[in-house]
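For reference, chains read A, B, C, D and E in written order, and residue numbers begin at 1 within each chain.
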């Protein structure tokens, strides 16, 4: 399992591996929004934390199809499935690699990009905190979605369709906590819910992922 | 839907079985079934499941990793180390540190086959292992199967269209086993 | 003979054939009676005027939208456990009916919202969770459509349906937390205080019965169609060489 | 060229072809934004036209990698390149197919989804008009970007990265026109600029696309 | 960087040239250069460019289209129609309306080769055309090249590792032409 994690991280950081592209997509969405909604500070600072969350979610989403598809196309997935690693561990390794290459960098970048969206000063730490708590759930759910669509060529958009409704609770609690925190209100309840969702996803989804992979590799 | 029927064979330790038959007869299907990658419509296979390995043209070689890194990964997964002799067995010594993406079709195939020497499994299911290999490389492969694999009590079931020059092998032509009428499969049958 | 034998495709076709016209007939009767009663024989509400009558479409459709998903969940579980092809196909057949019910609820709600709240759409929790349900249906149907092998498709959609149900519940809770909303509470609860008055209540019950029967009939019909499609597929496959 | 266009449309509408998925992605982004920024009508209706434009742009963006990548992977692109069709015509055919399967449906759907974002009544026709004018440019620019990244496996995110800056002028004028129109102001200037960009893209970009393809297939 | 040097040959109308040589010698490179898909470091090729066609394992068959739709598309692109005889030449009559995605490796390869019969070009550059074909299909292919292509004044340059049984063919072994030292390429040279 460690071998797989290390390989995935190494592949991600090699040329064409896609490390950092999620980050750049995040940056670009954040840059685009002011062009779309206009430059008024009052509006922007109200929607800043929400846009950061939506953009982070989209950036995570778009890197999902790499999780299994490359390995499936060149046959590596079949070979790994017949190797002596439980598929559950494999799903967990893949999700961890995804989080390390996407969720973690996004969390670190979000406060910095907040500047572009006129995020109020009170918002920086809470936005980072919610993303740190929430992005592991996004990676776990996304890995499940990627496993569902692994047999489908260029299933990227279908993958988005399947995964987005599953992302909604995470988004709601994450963005709500960020919004309340930014406005100086108490954000304990949504933060606890967010942490609960993440814990639940980590505990349960590897099994669903493995089940779905087994079906797809049949 | 059934592709083959009534196929049955035993292979003893140290021996190989060559599957032959025209395109589309079901060699790939049979091997994938044996390797546990799809379920048989009916019938059983009996061998130590944790000793089996499957390989086809799609050999999971990562183009962004070097040849050495590719093999090291598989060794890791199977809890082995890469044997030094492997570079000679498959004539890869010069290519060790090349990125796999820059290899020619045949060179890449040799790396894919070298994986078999790394994972160290007793029962191999190989689907057209010599595609795009030249005569010399085919001989390297046959020698590996004979001297490293079968000689150590391994078993190999190999689908191929060419002659591998393996004396230890019995050949099984699948032509006579073609399922008579390609009847509907179990799951479709319920609907007829 | 076990109950499961009625789920064999051939048997299923046999016993559902005669039932189908009755189911459609009963559904039609209930709907005609219920809607006529509701639309023409009840007084206008003193606050809402005649717009209140949308309730006869809106509430039954909303109920069935949720129940259809429940039915799919049960059918998926049966498929995963017992591997009965008919139950997988019934789940597949229910999805388009369910999504249509969801759409009817959304659209009648939106039409109702214009006079009541002055807007077609508000991010009310009830409405929002229906929108999310709509997305779940879409994803479920898209996954069915994207996979060629019927058994694989049945397996994957079943898992999606189960995981999706958990997340749908979670969303429901999340959405409630997120926004307080304008929408009515449950008016069909046993607690009589909260219920709508009897004049509206009885025709509404008849309409709900009509929608339940209609759903049943449509799912039967679509399941039969799916079974026939699978039969055609099986025949075609046995034809090629 | 007609043969290619027809084939692409046919492939898009076959199972797994991805027709309609762009549309669904559009829907999903529009649904997500309120979860992020909160449900207040006042804020939503202010940012509605901008969000519609950004979402349409992202939906178009995400379907770009299908334009050439599938044909490249299975070798069809090489074969088409050696066939007696000028590469310029091929680029144009690909862009047209992309617009018909993505830009046009998005334009039609945008007013309907405007309801969800509380788009003011004055905004429906102007949003649709700007999208109708602007999406052909998005398809042309996107085809050029897809040609640039065609050799790169799973280059989806890199593609987004390259194309997004090129999309910015279209977005600025499109969203500005939509915003002014929604607010009841005069939108002639940005509309003219938008039309100019689209005309320029259609006239010039096929040549750039062909040049880039020639390099990538070498 | 140069892979081959001093290769030179003429092929006359109605004749074929078989390229041979071990894995990695540069057959694929040479064929792609000839077909105009990459530029030669030095040297020239001389043939009517609008009569050339190239084919490799990657045959651009769309899995979501039927066999017939696939071939019809290529016929359209080249302004031809699909000749009826094509179904016999490549034994595809039964597979005509199958989706290409459901074919076996060899069946799909035959469809890829049938494309050559549809586009009707005089000069063919073929890279390992018989990969995954069985003996019977190889014969179908040789017959097509001999009776339909060469007999009508066509030319074929074919890289392969197996024996095609083409009498009309001269064979060129590339081994002696391997570029001496894999020196730096043109563009790198400027930096030395």
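Worth a mention:
To be clear about the criterion, contacts are C-beta pairs under 8 Å (C-beta built on N, C-alpha and C of every residue); 3 or more make two chains touch, one makes a residue touch a chain.
As the structure is a computational prediction, the values presented were derived from the model and not from experiment.
Among the other chains, the CA centroid farthest from that of subunit A is the one of E. The chain with its Cα centroid farthest from the Cα centroid of subunit D is B.
Simply put, of A-B and B-C, more C-beta pairs touch at A-B. One simple way to say how far apart two chains are is to compare their mean CA positions; for subunit C and subunit E this gives 56 Å. Subunit B and subunit D have Cα centroids lying 45 Å from one another.
A separation of 32 Å divides the Cα centre of subunit A from that of subunit C. Mean C-alpha position of subunit D lies 37 Å from that of subunit E. Residue positions of subunit A touching 2 or more other chains: 16, 152-153, 155, 158, 161, 164, 168, 172, 176, 218. Among the residues of subunit E, those touching two or more other chains are numbered 57. Each of the following residues of subunit C touches two or more other chains: 132, 135, 138, 142, 146, 148, 178, 240-241.
Residue ranges of subunit A in contact with subunit B, taken from their complex: 2-4, 7, 10-11, 14-17, 71, 73-85, 217-218.
For subunit B in complex with subunit C, the residues that touch the partner chain are 1, 181-185, 187-192. Put simply, subunit D touches subunit C in their complex at residues 15-16, 21, 24, 27-28, 31, 34-35, 39, 41, 44, 115-116, 118. In the complex of the two chains, the subunit E residues touching subunit B come out as 21-24, 28, 57, 103-107, 109-110, 128, 131-137, 161-162. By the touch criterion given at the top, residues 35-39, 50, 52-62, 64-65, 69, 73-74, 76-79, 115, 119 of subunit E touch subunit D in their complex.
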